[in-house]
Amino acid sequence: MNNNVLSTKFLGCDSDFSSAEIVIFGAPYDGTTTFRPGTRFAPSAMRIDSIGIETYSPYFDADITDFTVNDFGDLDLPFGSPKKALSMISETAEYIFSNNKKPLMIGGEHLVSLPAIQQAVKKYPGLKIIHFDAHTDLRQDYLGEALSHSSVIRRVWDILGDNSIWQFGIRSGTREEFYWSREGHTSMCLHNFDTLGTAVEEIGGSPVYLTIDLDVLDPSNFPGTGTPEAGGVSFAQLIAALKTVSKLNIIGADIVELSPHYDHSGASTALACKVLREVLLAMSI
Amino acid sequence: MNNNVLSTKFLGCDSDFSSAEIVIFGAPYDGTTTFRPGTRFAPSAMRIDSIGIETYSPYFDADITDFTVNDFGDLDLPFGSPKKALSMISETAEYIFSNNKKPLMIGGEHLVSLPAIQQAVKKYPGLKIIHFDAHTDLRQDYLGEALSHSSVIRRVWDILGDNSIWQFGIRSGTREEFYWSREGHTSMCLHNFDTLGTAVEEIGGSPVYLTIDLDVLDPSNFPGTGTPEAGGVSFAQLIAALKTVSKLNIIGADIVELSPHYDHSGASTALACKVLREVLLAMSI
Amino acid sequence: MNNNVLSTKFLGCDSDFSSAEIVIFGAPYDGTTTFRPGTRFAPSAMRIDSIGIETYSPYFDADITDFTVNDFGDLDLPFGSPKKALSMISETAEYIFSNNKKPLMIGGEHLVSLPAIQQAVKKYPGLKIIHFDAHTDLRQDYLGEALSHSSVIRRVWDILGDNSIWQFGIRSGTREEFYWSREGHTSMCLHNFDTLGTAVEEIGGSPVYLTIDLDVLDPSNFPGTGTPEAGGVSFAQLIAALKTVSKLNIIGADIVELSPHYDHSGASTALACKVLREVLLAMSI
Amino acid sequence: MNNNVLSTKFLGCDSDFSSAEIVIFGAPYDGTTTFRPGTRFAPSAMRIDSIGIETYSPYFDADITDFTVNDFGDLDLPFGSPKKALSMISETAEYIFSNNKKPLMIGGEHLVSLPAIQQAVKKYPGLKIIHFDAHTDLRQDYLGEALSHSSVIRRVWDILGDNSIWQFGIRSGTREEFYWSREGHTSMCLHNFDTLGTAVEEIGGSPVYLTIDLDVLDPSNFPGTGTPEAGGVSFAQLIAALKTVSKLNIIGADIVELSPHYDHSGASTALACKVLREVLLAMSI
Amino acid sequence: MNNNVLSTKFLGCDSDFSSAEIVIFGAPYDGTTTFRPGTRFAPSAMRIDSIGIETYSPYFDADITDFTVNDFGDLDLPFGSPKKALSMISETAEYIFSNNKKPLMIGGEHLVSLPAIQQAVKKYPGLKIIHFDAHTDLRQDYLGEALSHSSVIRRVWDILGDNSIWQFGIRSGTREEFYWSREGHTSMCLHNFDTLGTAVEEIGGSPVYLTIDLDVLDPSNFPGTGTPEAGGVSFAQLIAALKTVSKLNIIGADIVELSPHYDHSGASTALACKVLREVLLAMSI
Amino acid sequence: MNNNVLSTKFLGCDSDFSSAEIVIFGAPYDGTTTFRPGTRFAPSAMRIDSIGIETYSPYFDADITDFTVNDFGDLDLPFGSPKKALSMISETAEYIFSNNKKPLMIGGEHLVSLPAIQQAVKKYPGLKIIHFDAHTDLRQDYLGEALSHSSVIRRVWDILGDNSIWQFGIRSGTREEFYWSREGHTSMCLHNFDTLGTAVEEIGGSPVYLTIDLDVLDPSNFPGTGTPEAGGVSFAQLIAALKTVSKLNIIGADIVELSPHYDHSGASTALACKVLREVLLAMSI
């Protein structure tokens, strides 16, 4: 009697956890967001609107129904306590990695990437990071707080050190962050994805975690985010970049910073669903 | 590992179908809506926002966690074919009644009530209808179509005849509809719920189907609907009416015509979730 | 071949000018609005949305199709020059009065009432004004400008003098305005419509111009206005007031200050259309 | 006395039907839309906002006041019955073609193109179709319904067969649709308008019907549509394409899928009005 | 040269700190909000929109220009660390009390009241609390966090104990919270302000801190809040309540939980500005 | 005690007037806007949202904290009287120029540029104008009014004559305006900024006033404006143009036509703040 009921899964992905190669889960946390919060609503909005997205990608000429994907659900995270929230995300990521599956996390703010990357590097020493973003995210701290959406990649660097992080699409930050990167701590590309091909060659077969802050996109493509930064990449450029990174050994990924309430047209949420589909395929092919 | 995952059920209602007394399901159909469509989005919006509603009602001094309620999901209904859509709703209602459970349907436009009532009367001969609405819904047809949101109660009358339908909160319709009712075909109360107490006495122990078009509420309380009609009842008046009808033998109910995209504040969806809670309690107590 | 084409008239009113008793026209001007402009969009928004309103009023038990009403269209008024705009409205009002018809004007900001009242008093010496509003509108001037939405009733007083103006629903203004009124220049009712019955008795058979600033309504009923003032009347109270004033000899009327872009739900525009219907009936019965 | 009244015509086009070469009409139907409805509001929104558009096109260096265009109005179509709605559109298209005029239809959803094309091919055997869209629209049926916005071009193919349909801007559909096209049934261009020049050469002097689903545009340019698909063409690319197709013998055209309520900025409606102007010129020059 | 520049102060209040009797300041913190954040935007939105509010209150027949009020500005509070944020608010409140002035704080979420009340009770032993709210706010903790918007009054009770807290307008909470209050820990009025007169008598001349969660208002009056709860008080009822409490010895107050982005009409922000004016007068008269 | 209070200055610019090289001020006037008003809200919206913008520009590799900039505040301008409003702007511009500082004005509609340019040419004979805009703004008058947003550059030409005005990004106007320009009265570039390099060479060391109507940007980048014109430049193109004009001797500038209420995402306001930063740097370097 249940066969005419609409799915509440991302893109209809309904594989069991045990049989799945990739596990999607939501981390609806935005507790350290300084300007406009609201990324906590991204996972639930994407679940609903993913019903309007085809499962077939003409870009990859592939269909996500060809792969086994589990939708784990969205974590119930406590606001007011970043540490507790990060600890719960950490447990979930560890559980997925320990079952030899690849996590694909939906934020939330960018800070949620930290515990996932911490677990990734435990599982995959020698991990490399591909980071798409408008912002440097390299602050030492924000108003004294070391755990902040604007310092998340700096915290990742604390773990991985130099020669591990490639940043693309960056166009906003303090002078100190840009200059610190230039000292050789990260590879930062200010002109969209111009050096991505080179990065892929350098990384070769190393395990890679891909973290996509969707505000890497131009606000014309993606107004539904807390801190829209004019001058970003187009969707077409992002798709091309995903095709490039699909050659890498991606062992985990995340998509963060959709804030659906700030785009009443729904176009930002629809785009995020499509990026989710393409990242899934980039990880699977 | 799943215990920290957020529920995707209405108000967290997660009883099995087999053990449940009440079964909630969504009928996201708005294919005959003439003015502003969008009620198709009501069930999914209510699922998400019901997370912000307490399970305890100070009005009934009761908690929905004290009762067994199943969330059946939302039907996948075809637009462009009212007949097929109604047929699918009909099957679902029949399935619920045949298992001796009470359906609580979330619309969609008001036409979705028709198949549920058709099944209710099959199960419960002598059925009476309590109808809360801004609109008469008594048109013989609309632009030649007999199946229309604005003729749904007339279609119910075709089945049940005179002395079966009590209408409350009515304030909009054609002159013909108002005069046809006055001929004795329905009991229509133009002043909010003034005669509800009398109706409850008249109905006594007969089985009752309660159909609530949420536009019975004043648009100040409930702007998120396709045809807002100024001059409606307040939420407090609706709660009082629900406490009155809770004395009846309600064997099924529905809540229709929330169109969530037309109220960006979310207040209409939050209110609809609260009405859902109160109707659940009115049916259970 | 044209019979299936939707009307672009207010409420479908399509009588010829020559045969009409009442002439509706739009005065989409908001050039002196100090806070949030946008009332210029009211006439066109009401034309479109009036399609969703029934022609039958259960309040008056009457139907506007029983009367002859012409929709004259919306004036093309120049922004940046209040004098020229008022002059064009004046000509239109004069034309309607000179043909022994009653104008029913849709604003625009409240200043548009001034030229209509100027023409009304020319035609009907001894004219009385019924004024529904949240604001006193009795400023001597605003930032030095004598022609302003916030001084319009003071300008009317300049013409008519004491014992001519009855104000209802007032709840915002400067201390000077309230005290000036108390000196006996206008009859100002601070408690909704409490003294309306008395006013109707005092006015008796004198010709009356009815000017309704829709912000007399509580913002809960009518958020779509430039300066929402909490604490206003309900739609039900406004309807009761209209039934009371329908006993008067209303020779002209206007409805002003709908700013449709500020209410995305459309409820404010729908309400304004309904008030238009009720005022039409109050003038006709 | 009427000379200062604002036009309610598209772009002020006020030629008589009899003298007009092109006839614009609205087909506000969205009854089979599966995701987000609302295209029914496009014609009325465009009428109002076209007041903000210049009549002169710097792209064509031409002015629409140089041509005779009639605005026929918007059809009053029944929701809940696609067949009846399509039949009424069919009659209107037939009436325009039979008077040797060119129809320019404003949707509504894409299904409204079907009856217009059916009449076009009756009048012009050997008709060719130029189709701009994000979606393939080649489904055999949708949830069992043969008449659906997502199967409209397949229905056109049922009439015209192979070698008759050129599709541009396509980037979303099922795998089956893409592969069916590749079998040679339609000419589908996945890279914007790359092959449009070739198509124009192939078509030569044959009669052409141009159907533009505005979601061919990137959602950054055009968020006001039901199913925004990232990765589309820019307005500048669309204008260039229109200049290219202006060399063809266009005997009818339509612009569909604007859903104005989903873009509160009004930019989508303004763009649609501009496309209307450019299509008018492309048909006239 | 500066005299034509618009004020950026609340209601134009520009007294020096040293000469002011009342000091307004903003506490834009919403870091523990569980459902929909955004109250951090309230102070800045109210500063701008207070330009549209008259300084004269017809309710109190008094003008705020008759009193000396300082606008201290908005605190720069760190998200992600409730403790640090509360500590900064605490310092500011202490500074104001130590200068023998009365603070009037604009939230932010309700948790910001805690440090202000902590400082108030230090200065004024025997302090009583008047609490207007839709929610009980009496949770022992929320997901393990003792510092939460939903436990703030329980934290106040930890300090003050029984017979110190009067709650009005309450209509949402867990069963446990309602029953805990009934044990005598707080005086909770479920029917609007019915027992407020009695409370004022009981309190007599004791020092009182007034904390107003604006969601005590019905969402029809005040949709711009994170958790709208149908069934609240009207603005008129709130004004009457403020006139009643103006008889008390109010030594500090706050207005919290305006979330301006959730009400595009601006009516909620305008109402909050008016409540600010009335609270100022209630504290001054 | 004041050090933790948020700045209410544009981008935190808090230099004294006397020591500042550049003076920012707001001219919130939109009284002659013909289509959709609302630019009056731009300065206050930009003040608030500029808090989310970094002070460092990666485009110029410079930081605005390296320069002395005064925020003068927003003028209190009378609606309904363009002459008086322009006179007040004129006084302010004169005051800034007479103190040998550079004004950077935030509109408001484009007409506000006229008095600023009038003062600029008094101070700097031989002044040249760089004009970025979607619209020609060369009308002789609008509905008889010589002072209008759509005739502002024509009024500037009245002062400066031929060979003084370079226009870029133009894509909308009447045929007459385009043809009048082609007669040699202005240099008009229809293809974005293609001839900007040439213009900069021609102008050389002459004093330049830069007037930026933000609708020069494509509506995809900047929907928050009254008359969005598809087909504009991208933010990246605008930045490149600003780097080019930074070689000129810019003695004053303005940024006009942001209408923040028409873009709920906030992306338009954020972009305008970023353009403000870049123009500041282009004037300073």
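A, B, C, D, E and F label the chains in the order they appear, each numbered from 1.
FYI, a contact is a pair of C-beta atoms (placed from the backbone, for glycine too) under 8 Å apart; a residue touches a chain by one contact, two chains touch by 3 or more.
Computed from a prediction, not measured in an experiment: that's the story for all the values here.
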item: Those chains which touch chain C and also touch chain A; value: B, D, E, F
item: Identity of the chain that, by mean CA position, is farthest from chain A; value: C
item: Between chain B and its twin chain E, rotation from the CA superposition, multiple of 5 degrees; value: 120
item: Farthest-lying chain, centroid of Cα atoms versus that of chain E; value: D
item: Chain pair repeating D-F, as identified from A-B, C-D or A-F when over half of the contact pairs by residue number coincide; value: A-F
item: Mean-CA-position distance for chain F and chain B (Å); value: 55
item: Averaged-CA centre spacing for the pair chain F and chain C, given as whole angstrom; value: 39
item: For chain C paired with chain E, centre-to-centre distance based on mean C-alpha positions, whole Å; value: 38
item: Residue list for chain E, restricted to those that touch at least two other chains; value: 36, 76, 218, 220-221, 263-264
item: Contact graph of the chains (line, ring, star, complete, other); value: other
item: Every chain pair meeting the contact rule; value: A-B, A-D, A-E, A-F, B-C, B-D, B-E, C-D, C-E, C-F, D-F, E-F
item: Sites on chain A touched by chain D in the complex; value: 51-52, 54-56, 58, 63, 218, 220-221, 234-236, 239, 263-267, 270-271, 274
item: Parts of chain D lying in touch with chain C, wherever the complex brings them together; value: 1-2, 4-6, 8, 26, 28, 44-45, 47-48, 72-76, 88, 92, 95, 264
item: Sites on chain D touched by chain B in the complex; value: 30-34, 36-38, 40-41, 76, 78-82, 84, 142-145, 147-148, 261
item: Complex contact set, residues of chain A against chain F; value: 35-36, 170-175, 178, 190, 218-221, 223-224, 227-231, 262-264
